[in-house]
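First chain A sits with chain B, and in the next complex the same chain sits with chain C.
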Partner chain A sequence: MANRYFSVFKISLKSGMAYKAEIVLKIIFSFISSLIILFVWYAAYHYSNTSNINGISLTTTVLYFFVFASIAAIWGGYGVGKLINSDIKTGSIVSNFIRPVNYVYALFVRHLPQTLIFLIFGTIPILTIIYIISGMHMAIAQLIYFIAEIAIAYFIFNLIAFIISIFTIYLSDVEGIMNAVFIIIEILSGAIVPIIFYPKPIYNILLLTPFPFLAYIPISTFIGILKISQIPWILVIGTAWVLVLSVISRILWKKFNRDINIVGI
Partner chain B sequence: MADRIIKVNNVSKSFRTYETGNGFLGGFRKKYSMKNAIENISFSVSKGEIVALIGRNGSGKSTLTKMLSGILHPDKGNIKMLGKAPCKERIDVAKHIGIIFGSTHPQVFWDLPPEDTFKYIKEIYNVSEKDYNERLESLLNMLDLKKVYKRQTRQLSLGERMKCEFVAVMLYMPKVIIMDEATVGVDLPSRIAMGNAILEMRKKFNLTAVITTHVVEDISIADRLVLIDYGKKLYDGPVKKFKDKFANYTVLELEFEDRKHIAEYMKLGKALVKNNNYLKLAIKPSAIKNPEFIKIFKDRNITNYRVSDPMLSSILEDFYKGIDTAKTR
Partner chain C sequence: MLDGAINNIKMVLSTQKMMWKSNMIYRSQFIAWMLVFLLMNLISLITITIVYSMSKGIAGWDYYQMLLISSLANTMTGIFLYIIWPPAVGHSMRNGEFDQFIVKPYNPFISIISNYGIIEGISMGIGGVLIFAYAAYMTHISIITILLVLSVSLLGLSSLIMFLIMISLASYVLFKGSGYISSLINISDSASRYPITIYGLPGMLLFTFVMPVGLASYYPAAFIFGKISIFAMMLLMLFEIATIVIYYKICKWLITKYESGGG
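And then the complex of A and B:
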């Protein structure tokens, strides 16, 4: 059975690598577009004549957004959400349903190569360059926690995308809704404003939600804003969110999939 | 009693559809309604049987094939495929059935050569290296695909892509094959080769096939015809019986030396085609007793004549016209 999913992975990787120039451009432009927000923060520091906001210096903020730019490509394209939205809207779900594999597992496996391509050719080289240039020091535990948080973030992001996108079954197209939801998620995750800049009570509440895992938590772990002692508890919260979102996804899929309506296409 | 491999019991399926109004603002005014795609249909297919599921556009054929393969759930009734409910045990059922959904839902990967899809199929369905090589070689030769199967799929013609879809399914030798308009764009020799491949597999492995098509020649390999229209089953039986039941006429074709003699034979039956020196008539079986009919053999003005059964396409055309006429009454 596992062999079948490995075959799905291999063919998706091969399809993903069919247009190499497109991959390179996607990585470059994702990095550049994610850095635009950095200029806004540079201006904020410069014109407010302050050297730090909530204890975070301009140098740390610059580092924060460089690290964000290196991981942002992983979240590009709404993850599995885009796949399922297109599968249902165009009827291509049929081509996947006729195979002896679980559609939902295969969906995640189909998306995995795209993430790995960005990780290998985008995130890892860029983070290595940032690490060398910035002269930062990172403990092994910090690196392991960072990798674990990226893995948790991958599941949280894709499960949220999955939950929203299966409403395509009833709404025909949910790209607009996904746009709106992910703008809110960007604000809550620390992709635009590092959540440590928010008032303390809001910051503490946000740490209990799944959203900071998509930006603030892994970035802060990497650059050392978060204390190492805090991280195990944060990982427990993240894992709990992955489980909760998995259960919600499972219940909704079981309830919704019998209403899939691919007629006339 | 033969082993019933597919059982469809009182199955119904409806879906919500809408119409929009005219003009720019019309897009905001949607009128929703429920369309009954399938209404209380029952039939079964025995092991090794080839059944042609036919009907006009929008008659519900594709909806039915999607329910047979477990993609859509029936609203009412139940379906058993190889003893299992396809919509509940989809993965188990999918291991043993092969489906080709015309050009609308391709399974050959668009950005890769068909060869990659074939290798993927080999892995997914656990086809041994030996079987894979033998079957691939034979199918590529049979369908004249050797020159193209290593090219990117998107660069292939529609017919070539459809033939690759057929190869992808035949590689793992399913117990049941469902073909939903699988010969769209396929040239005549390859269509015949596809039909022969199905017959060959039935002979060797007792393959069961359900074929949905608008190409009447594809029906020639079928043992049975299930005809549906507006979601309702109108006929279920052997192809020959359908012809006997709905074509109570014979076709008479006459070629004349001089067209002025055509009029003399018009009263023999209903003219189907009349041009230049050629006359094609639909005649009742009793017409052979007509003295005019006997005259054909003596008339020196008639240079050629032919008596034949009507073509299935003509019978179906008349059948559909009959349904529409009955509806307008």
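And then the complex of A and C:
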């Protein structure tokens, strides 16, 4: 059984690596694009003639956006959501259903290579360079927590995308809705403005939601905004969100997949 | 010559009509996409509001001036998206769909810009116009100045559109791929929302002469607030016209180098 999923993984990896120059350019431009906002903050710190805004130093802000830029490419392409949306829209879900693999698991296996390509060729080298150049010191526990949070973020992101994309069954195409939701998530996750800069009540509420796991929490763990003692509790919240979203996905998929009406365009 | 121009205009109009109709088939999708592009205005609005509420902001630009420059950029991006989504050009070359534009009796370049736009992008422009109007009101700018600035911005936008089409065509000709162009558009969209002076001299040169995003938003806004002279503005306009002509010539040459990717 595992062999079948490995075959799906291998084929997706091969097709993901087909245009190598494009992958490199995508990683570079995605990195630069995420750094634009850094210039705005740098200019604001400079003009305000201060080294500290809301308890966050300029160096920390610079590191925040660099780390974000290194992990941002992982969230590109709307995860498994885009795959399921396209499978239903084009009708190829029919051939997926008759294959001897579980469609949902295979969906995640199909998407995994795309994330791994960005992790191996983008995130890991860039984070290593940031770590060396910035001269920051990171405890082993901090690194383990960071990896765990990235894994939680991967599941939260893809489960949200999965839940939205299930509605393709009724709406024929949910790419627009998915984009709208992810713009709001971008704002709430700390991808544009670190959520610590939001008013305190909003910041406290956001910490209880799954969204900061997609940017603010892993970045803050990596650069040390969050204290190590706080992180285990945050991981519990993150894991709970993964479980909640998994249950919701399972219920919705069980309920809706019987109603699939192939458009086949 | 005149017949050819009339035929091209007719083709553009009928293509637009068809695109609106086909987009409106899935109304919920259409509304969702309109919302997506409208929401894009929120990103710069929130960023600017938070930056200005927590610090003195950016040197030489007050809150409303920043809103004006970002909304002008969003308006131009909205128009840009409505006209063309360059990654679609590369995609159509890879799957062979582009072949039809070469064999049809129309200018292939006009065929490209009439077929590969994102209709819903117009809502980003509408959102941008609303914020622009508010910022212009708060900064007491006259209607005549606004009209003058918009015409300069549109010229800058044309230059940017030609540049991105040229890059899409060149990418396909060189390495049969242009998927990264969407990231390039993200950069130009994000960079154009703020004064390009914040990117330092290399950034200013890059966003003026290489990837001309500053021509559509920063320079027109800087002109409104007296940060650049009318002489400098005239020179920039001449530069914009020159780049449009050069990029167009290169695009035409690149189309002759096109090899179909199949069907």
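What we mean here is this: the second predicted complex is superposed on the first by the 258 of 265 C-alpha atoms of A that agree within 3 Å, B and C clash if a C-alpha of one lies under 4 Å from a C-alpha of the other, contacts with A are read in each partner's own complex, and residues count from 1 in each chain.
Keep in mind that, in the parts below, a contact is a pair of C-beta atoms (placed from the backbone, for glycine too) under 8 Å apart; a residue touches a chain by one contact, two chains touch by 3 or more.
As the structure is a computational prediction, the values presented were derived from the model and not from experiment.
In the superposed model, A:91 makes contact with chain B only, not with chain C.
Applying the stated contact rule after C-alpha superposition, one finds that A:102 touches chain B and leaves chain C untouched. Of the two partner chains placed by superposition, A:253 touches none, neither chain B nor chain C. Which of chain B and chain C touches more residues of chain A is settled by the count: it is C. Touch criterion met: A:19 reaches chain B and chain C at once. Of the two partner chains, neither chain B nor chain C is touched by A:131. When the two complexes are overlaid on their common chain A, residue A:4 makes contact with chain B while staying clear of chain C. Overlap of the chain B and chain C interfaces on chain A: residues 19. Interface residues of chain C, counted against chain A in their complex, comprise 26, 28-33, 35-36, 39-40, 42-43, 46-47, 50-51, 54-59, 120, 175-180, 183-184, 186-187, 190-191, 194, 198-199, 203. Those residues of chain A lying in contact with chain B across their complex are 3-4, 7-8, 10-11, 14-15, 18-19, 91-95, 97-102, 258, 260-265.
Within the complex, the chain B residues that touch chain A are 15-16, 37, 58, 62-63, 66, 69-73, 87, 90-92, 94-95, 97, 99, 101, 104-107, 109, 111-112, 116-117, 120, 123-125, 152. Residues 19, 21-22, 25-26, 28-30, 32-33, 36-37, 39-50, 53-54, 171-177, 179-180, 183-184, 186-187, 192-193, 197-198 of chain A are the ones touching chain C in the complex.
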